[in-house]
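Before we start, here is the structure in question, set down as structure tokens.
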Amino acid sequence: MTSPNPGEFSLPVRVYIEDTDAGGIVYYVNYLKYFERARTEYMRSLGYDKPAFPGEGLMFVVSQANVSYRSPARLDESIRVTARITSMGAATLTFTQTVLRDATCLVTGEITLALVSREQGRPRRLPAAMRQQIGDL
Amino acid sequence: MTSPNPGEFSLPVRVYIEDTDAGGIVYYVNYLKYFERARTEYMRSLGYDKPAFPGEGLMFVVSQANVSYRSPARLDESIRVTARITSMGAATLTFTQTVLRDATCLVTGEITLALVSREQGRPRRLPAAMRQQIGDL
Amino acid sequence: MTSPNPGEFSLPVRVYIEDTDAGGIVYYVNYLKYFERARTEYMRSLGYDKPAFPGEGLMFVVSQANVSYRSPARLDESIRVTARITSMGAATLTFTQTVLRDATCLVTGEITLALVSREQGRPRRLPAAMRQQIGDL
Amino acid sequence: MTSPNPGEFSLPVRVYIEDTDAGGIVYYVNYLKYFERARTEYMRSLGYDKPAFPGEGLMFVVSQANVSYRSPARLDESIRVTARITSMGAATLTFTQTVLRDATCLVTGEITLALVSREQGRPRRLPAAMRQQIGDL
């Protein structure tokens, strides 16, 4: 869980059987789980101990996910998953993310989260302290 | 979704890539998902339209799962998953379940559900109407 | 598994506990599994009984996935997942897909598959018969 | 990844959204994934860098899984998963496993793996070096 570049977060991940499919590689859907683990630990490193539910009656939901697959990860490999916040809207955060084997980029993604009310799913403005903190990254 | 034997429920399931692992077979953990789909549809066929949350503030949780694996299912196969209630306690239901390819039994399981309060996870007596209905199966 | 519009395929899906998350809604990653089930059954309806492995030493992999989330599906709901092939390249097929609750569109996606060699993951030209058949849809 | 007791292995695990369900707790099926991660890292710590496929044409499959659920883990918690080999047969290894929050035991399991041929799934005798090493634990 290191941050080699300012504002970039990196999480080591091991590939287990649960992550693979009959093609003998990581099931492409599961890279989205890796991405989320990295986003979650990134937010935790910024001081949010419940990253998905960052306030009373609030939750983050994914509103857009764009993922490009270049090369597969395989069982038992040690990979790294990065997260960087590249855009902030009134109610949204966009993360640019990668999955890396050493210096080789396997998967890239751009994931947009929207903050919504838990009850009705209505967009909610990011808390001021969060906006400030992320703006300063 | 037929019931060839009294009190037995059977659900057809197709094996998709999401269900498999790098061994080229269904990931053994996923049979528990198949079992749950069959239990859920069984309860739905008995009139429970929210089988996991069968009343205000109540939910079923799994308290014990014993599964025996004999032979694997594979990608693209059509299999059947059965469910039968074989025991009922004050707060529990035990299902005996199988995964079948034609007449071949691939997996068997005995799954015990406990009814608990959603807030604190305390055991709750099965509703009288449910006890009656299941006792009559 | 009906095809109301020419070239569009629709698969009914039930939401189970396995599909949900602590937000009380379908975990957004799992819509990609729903999409794949619909693509797979669509290809099966076109005569491919092993849709992911459509020939000796060949497999389809996902090369790009763009997904927009509008509104969540919930536990026990009956939804429909559609698939339509909207673009074909030398080695690729692009599907436009939706998740629908009645007439309400919950999720849309554009998923591009690439045909590759199983051993080395090199792009492989779509078989002529497949190109012909899909071109005629 | 410490071994406080001789022959016991312990792996720290963080609970992510992917692990939870609409009950707001870890989906019970997913503890089996946690168990497998701990078994895998345990075997890796013993020198097996491909724990699921420990030799040419061989793989381990789960033949029996018995799991008792006492109390649930929740989103964002840090838990530990232990593994200990408690029985060895000609072609099988049985692990006794737990999921712990601090000193509280949440889940216990007994998981039996069988070594089989990859092609036909026939039981295969554990390699002599493995038998020796595990017998000495």
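Chains here go by letter, A, B, C and D, matching the order in which they are written, and residues are numbered from 1 within each.
Everything that follows uses one rule, which is that a contact is a pair of C-beta atoms (placed from the backbone, for glycine too) under 8 Å apart; a residue touches a chain by one contact, two chains touch by 3 or more.
All values reported here derive from a predicted model rather than from experimental measurement.
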Farthest-lying chain, centroid of Cα atoms versus that of chain C: D
Selected interface, B-D versus B-C, where C-beta contact pairs are more numerous: B-D
Centre-to-centre distance between chain D and chain C (centres being mean Cα positions), rounded to whole Å: 33
Between chain D and chain B, distance of the C-alpha-averaged centres to the nearest whole Å: 24
Between chain B and chain C, centroid-to-centroid distance (C-alpha), Å: 27
Shared interface positions of chain B, touching two or more other chains: 17-18, 22-23, 25, 29, 33, 36, 52, 75
Touch list for chain B against partner chain D, complex: 22-23, 25, 28-30, 32-33, 36, 52, 59, 61-69, 71-72, 118, 121
Chain A - residues contacting chain B, complex: 17-18, 20-25, 27, 29, 74-75
Chain C - residues contacting chain B, complex: 14, 16-18, 33, 36-37, 40-41, 44, 49-53, 75-76
